[in-house]
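In the two assemblies presented below, subunit A is common to both, partnered first by subunit B and then by subunit C.
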Partner chain A sequence: MSVMDLLNALTAFANFVLIPATAYGAQLALGALGVTLVYGVLRFSNVAHGDTMAFGTMVTILLTWALQESGVTLGSLPTALLALPAGIVVTAALVLGTDRLVYRFYRARRVRPVVFVIVSVGVMFVMNGLVRFIIGPGDQRFADGERFIVSAREFRDWSGLREGLALKTSQAITVVTAILVVVLLFWFLKRTRMGKSMRAYSDNEDLALLSGIDPNRVVAVTWIILAALATVAGVLYGLDKSFKPFTYFQLLLPIFASAIVGGLGSPPGAIAGGFLIAFSEVTVTYAWKKVLVYLLPDPLEPTALVQLLSTDYKFAVSFLILTAVLLIRPTGIFAGRAE
Partner chain B sequence: MSRNGGSRRSNRSGASLPEVSTIAAESSDPVVCEVRKPYLLGNSLTGGYGRGSDILHDCTIAVERGKIAVIVGPNGAGKSTAMKGLFGMLDLRKGTVWLDDENITDLSPQARVAKGMAFVPQTSNVFTTMTVEENLEMGAFLHREGMKCAIEQVYGLFPVLRDRRRQRAGELSGGQRQQLALGRALMTQPQILMLDEVTAGISPIVMNELFGKIIEIAGTGISVLMVEQNARQALEIAHVGYVLVQGRNRFTDTGAALLASPDVRRSFLGG
Partner chain C sequence: MSAPMRNILLFALVLGLIVATGFYRSPNVALGILNMGLISAIMAAGLNIQWGYAGLFNVGIMGFVALGGLATVLVSMPPVPEAWGAGGPRVALALSVGAAVIALAVFLWNRLPAGPPRAVATAAVLLGGFFLYRAIFDPAVLAIEKVNPSSTGYLGGLDLPVIVAWPIGGMAAAGAAWLIGKTALGLRSDYLAIATLGIAEIIIAVLKNEEWLSRGVKNVNGIPRPVPYEIDLQRSPEFIEWASILGLDPVTASSLFVKLGYTVLFVAVLLTVIWLSERALNSPWGRMMRAIRDNEMAASAMGKNVSARHLQVFILGSAICGLAGAMMTSLDGLLAPTGYQPLRFTFLIWVMVIVGGSGNNFGAVLGGFLIWYLWVEVEPLGLLLVDILTAGLADGNWLKEHLRQSAAHMRLLTMGLIMLLMLRFSPRGLIPER
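After this line comes the complex of A and B, so read on.
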């Protein structure tokens, strides 16, 4: 095995595992943060999260198209970034309206969390229908601007390696945006009065009321943050892959797996969980032959793909990890509050 | 004769306190003489939780301004329930609650917090995932202006909290935790502090220390109402004590008189 082989192996690994899994992990982490926040503050698992992401992404896509049509673009960056803030505002209005119309009724009755979960299933169906009614069930592409920051060919020409390394604009934007959002969220929760009162409410609702914290404000701000997280996560995922309502519904499984693995109610756990699930999914469904041919001596070189699981079964990975965590350590890695 | 004579507000609710009998001010003293009346009064409270059967029966509890009142009694006597009745956490079927001459019977617990009542629950009385200082900040949620000063006051009263300010409340010892619970309640800038068995599960030394702090708090003019399992020690610091039995007033007197009473000693203090 020469140095060249090692570099080729590393490049193939980075290109097919490291970079895609990091971008996917960032998307899952943002999604899981929304789930974990609602769980922590409003005390239920919001099954409608995937469809909230779809709604936010749909609004952003429609606005992006309108901007593109009127000739407004962001140059080499996707125009969707320009439409994103407006997408968040519309989504926030939708979830606040839903809370007013649906959840508040049940909150006033102090129903058990399981009732909230069932209610959110209903909300999910309505949002799902709304999205399909407006934009249709099909695949939508809305990414524009420069597709690659580094393309595989450029990298090969530059490095002289056999393997190429591609970095898509969407992947870089995903990671940068995710870092910004997470830093902002943690700063908000740790440093601001509103953020602290949300943590207090999440920690001990009765004592928060005894301290004079207004529960309605806490609930409203939680929904607004959820709308922002869901829309950002959805748009990043859509830019990186493509937008299809059903795919977003399916994302619910890896997102919940991320939140539960990390510990429901724990924001750092949601981030760790997102990356754990993403890396597990990508490594298990990747055909390792491409990397192994460089690393193993000729007689041991694999002839098959060395793929543990077909990509069709990628959701099984989330499901397996989820099951294992629930059996072995139900509170998750970061010991969330769920039992 | 009343300390709050000058600042007494007019009766906004239009009704007068039920048990006030006017002592005529016949002297030439220009200061209007008033009846000494309790700052907080739960008058003939009858009620229970939800639609359940009544736990309190015609129970009356009063706390004077700047004084310590203690509710004692056997297990299941309705001590905590009486306190919750005063704080609006109970469904009252009869009786009224008065705070500083105002009828607050129908106010929610949160509205009572804004009126200057603070409550320290028996359990889950701190935000365990937040730091000591954040706990105090949350107590000051309604009074942002004087927060820094109020936090310093709490640190002055409980120096150990200053040493642990960056530590999570969940990591504190039992005694420190109760001090923080008291501190959080004091941050709401209360006129009356209500403590539900704050000494439960802490060592006698720490308990004595905590009682000392409570006397200090009352000395600043804040009224204190405590429910206590440690009846003897609590009555020692009480200006007035209420012995409840099965949700009814059994004995009411000064703490010293109750401690001296053979009946009380035999039935509730173990001889």
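After this line comes the complex of A and C, so read on.
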């Protein structure tokens, strides 16, 4: 094995595993943060999360199309970034309206958490129907601007390696945006008065109420943050892959797996869980032949694809990790509040 | 109005709706709705045992239904001898190796003292075992899938009568439920939900991916029927004579006859399931289940084995869903893994139970019929509504066209609204628990 082989192997690894899994992990982490926040403050598992993501993305897509029609673009960046804030506002209005019309009634009655979960199934149906009604069930592409920051060919020409390394604009934007959002969220939760009230409310509702925290404001702010997280996660996923309502519904499973693995109710846990699930999914379903041909001596070179599981089984991966973590450490990696 | 009177009226109303479909659409459509309504009612009864009796939050119904469908194929399709010759024994060997590896891993995990060595040993056994399994398994699968891929390419089934598949479908679902229940039932309700959701997706992934077993996305069609074929009826002189007495043409009569045949079978199964469920609910066992549901702590203080009862009820409910799944596949005559959608096969069943009345078997059955009727009929009604609302717009107007195309998605919206309104204003359902 020469240095060249090692570099080729590393490049292939980065191109097919490291970069895609990092972007996917950031998307899952943002989704899981939303789930974990609702769980922490409102105390239920929100089944409608995937469809909230789909709704926010749909609004952003419609606005993006309108902007593109009128000739407004962001140059080499996707126009969707310009439409994103408005998408968040509309989604926030939707979830606040849902809370007012649906959830508040049950909160006032202090029903068991499982009733909230069932109610969120109803909300999921409505949101799912709404999205399909407005934009249809099909695939939508809305990414524009430069597709690549570094394309595989440019990298090959520059480095002289056999393997190419591509960095899509959407992947870079995903990671940068995710970092910004997470920093902002943690600053908000740790430093601002409102964030502190939210954490207090999450830790002990009665005590928080005694100290004069207004529960309605805490709940409203939680929903607004959730709308922002869901819309950002959804738009980033859609830019990176494509938008299809059913795919977003299915994201529920890896997102919940991330939140539970990290520890429900724990924001750092949601981030760790998101990356753990994303990296496992990608490594287990990647055909390692491309990397191994460079690393192994000729007689040992694999002839098969060396793919542990076919990509159809990616849900199985989230699920197996979930089971393993729950068996070993039932509260998740960062002990969440779930007992 | 007394409660029994009200319930009879509700059932009459829903059956009246279905009968009315027979007049304004066609008797064939009405019988189609009735047959799927019967299957939906059985699924709802299965979920009702889990949620209504015991408060278990199962959102993996789709998986159990699909297992029932798989059982139908494995029991009733003719075997493919060339495929068996090409790789049958080897697949069997691979699967037993896989099972042995998992058993060994579980054994090590339980017997070794806790700590890093245990984790490493178990992981090593699992990983090594996985590669061994794939080394045996992969060539066999390739050989099987190479046998006549356009018409078979799988091992086929046992060529038994398709009715046999129904209880076997139930048992397959029960087996899966036992495995899931053993690992997930001890956890909190949210975790059980996500675990069942995941397992259901995995079962569908297996059906789509393991072509040697289920032909995957190539589908299995022509599954044998428990009732005669239309074409045979149309050829039989006796049947033609019988049809002419009723004043029907042979084609319509044969299709009605076949559907009615299914109806009779399904009604028999539904009545058996409901009778058994009612007996169980009104026995000491049923009272214990409700006691556990309402206060786990108190029930366990009274010496009731809560986790064993939960496992039991989880298995029973899932078995009923598997049974219904097997019935559905033999009604369709087709196993199409891509047809299993969680909104349709898991969450719609939830709507049925919530609307009908959780904890009451008759409520679940009523919900099954009503919601299935609405699921089918909302689409044409939605289209009608769109046409009325947009009557003022010219044909070809973009809004009108868009709304017409989207009318099909009204059903999800409607189901959600029905569920939310029911939960808000009548949370105990149409026929509440007694």
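Keep in mind that, in the parts below, the second predicted complex is superposed on the first by the 339 of 339 C-alpha atoms of A that agree within 3 Å, B and C clash if a C-alpha of one lies under 4 Å from a C-alpha of the other, contacts with A are read in each partner's own complex, and residues count from 1 in each chain.
Quick note on the criterion: a contact is a pair of C-beta atoms (placed from the backbone, for glycine too) under 8 Å apart; a residue touches a chain by one contact, two chains touch by 3 or more.
These numbers come from a predicted model, not from an experiment.
*Asks:* In the superposed model on subunit A, is it clash or fit for subunit B and subunit C?
*Replies:* fit
*Asks:* Give one of first, second, both or neither to describe whether A:36 is in contact with subunit B, with subunit C, with both, or with none.
*Replies:* neither
*Asks:* With both structures placed on chain A, which of the two partners, subunit B or subunit C, ends up touching more residues of subunit A?
*Replies:* Of subunit B and subunit C, C contacts more residues of subunit A.
*Asks:* Counting only touches as set out at the top, which of subunit B and subunit C does A:256 meet: first, second, both, neither?
*Replies:* In the superposition, A:256 contacts subunit C only.
*Asks:* If you stack the two complexes on chain A, which partner ends up touching A:22: first (subunit B), second (subunit C), both, or neither?
*Replies:* Neither partner.
*Asks:* Scan A:11 for contacts with subunit B and subunit C and give back first, second, both or neither.
*Replies:* Touch partners of A:11: none, neither subunit B nor subunit C.
*Asks:* For A:52, is the partner it touches subunit B (first), subunit C (second), both, or none of the two (neither)?
*Replies:* A:52 sits against neither subunit B nor subunit C.
*Asks:* Working from the superposed arrangement, determine the closest approach of subunit B to subunit C, counting only CA atoms, in whole Å.
*Replies:* Across the overlay, subunit B reaches subunit C at a minimum of 18 Å between C-alpha atoms.
*Asks:* Taking the two structures together, which residues of subunit A meet both subunit B and subunit C?
*Replies:* Residues common to the subunit A contacts of subunit C and of subunit B do not exist here, since the sets are disjoint.
*Asks:* So in the complex, which bits of subunit A are touching subunit C?
*Replies:* For subunit A paired with subunit C, touching residues are 45, 47, 102, 105, 113-115, 117-119, 121-130, 132-134, 136-137, 246, 249-250, 252-253, 256-257, 260, 264, 304, 308, 310, 312-313, 315-316, 318-319, 322-323, 326-328, 330, 338-339.
*Asks:* In the complex formed with subunit B, which residues of subunit A make contact?
*Replies:* 193, 196-197, 199-200, 203-204, 206-213
*Asks:* Which positions of subunit C touch subunit A when the two form their complex?
*Replies:* Those residues of subunit C that touch subunit A are 55, 57, 119, 130, 138, 183-184, 187-191, 193-195, 197-199, 201-202, 205, 208-209, 341-343, 347, 350-351, 354, 405-406, 409-417, 419-420, 423-424.
*Asks:* What residues of subunit B sit close enough to touch subunit A in their complex?
*Replies:* Checking each residue of subunit B against subunit A gives 109-110, 113-114, 118-119, 121, 124-130, 134, 137-139, 141-142, 144, 184-185, 187-188.
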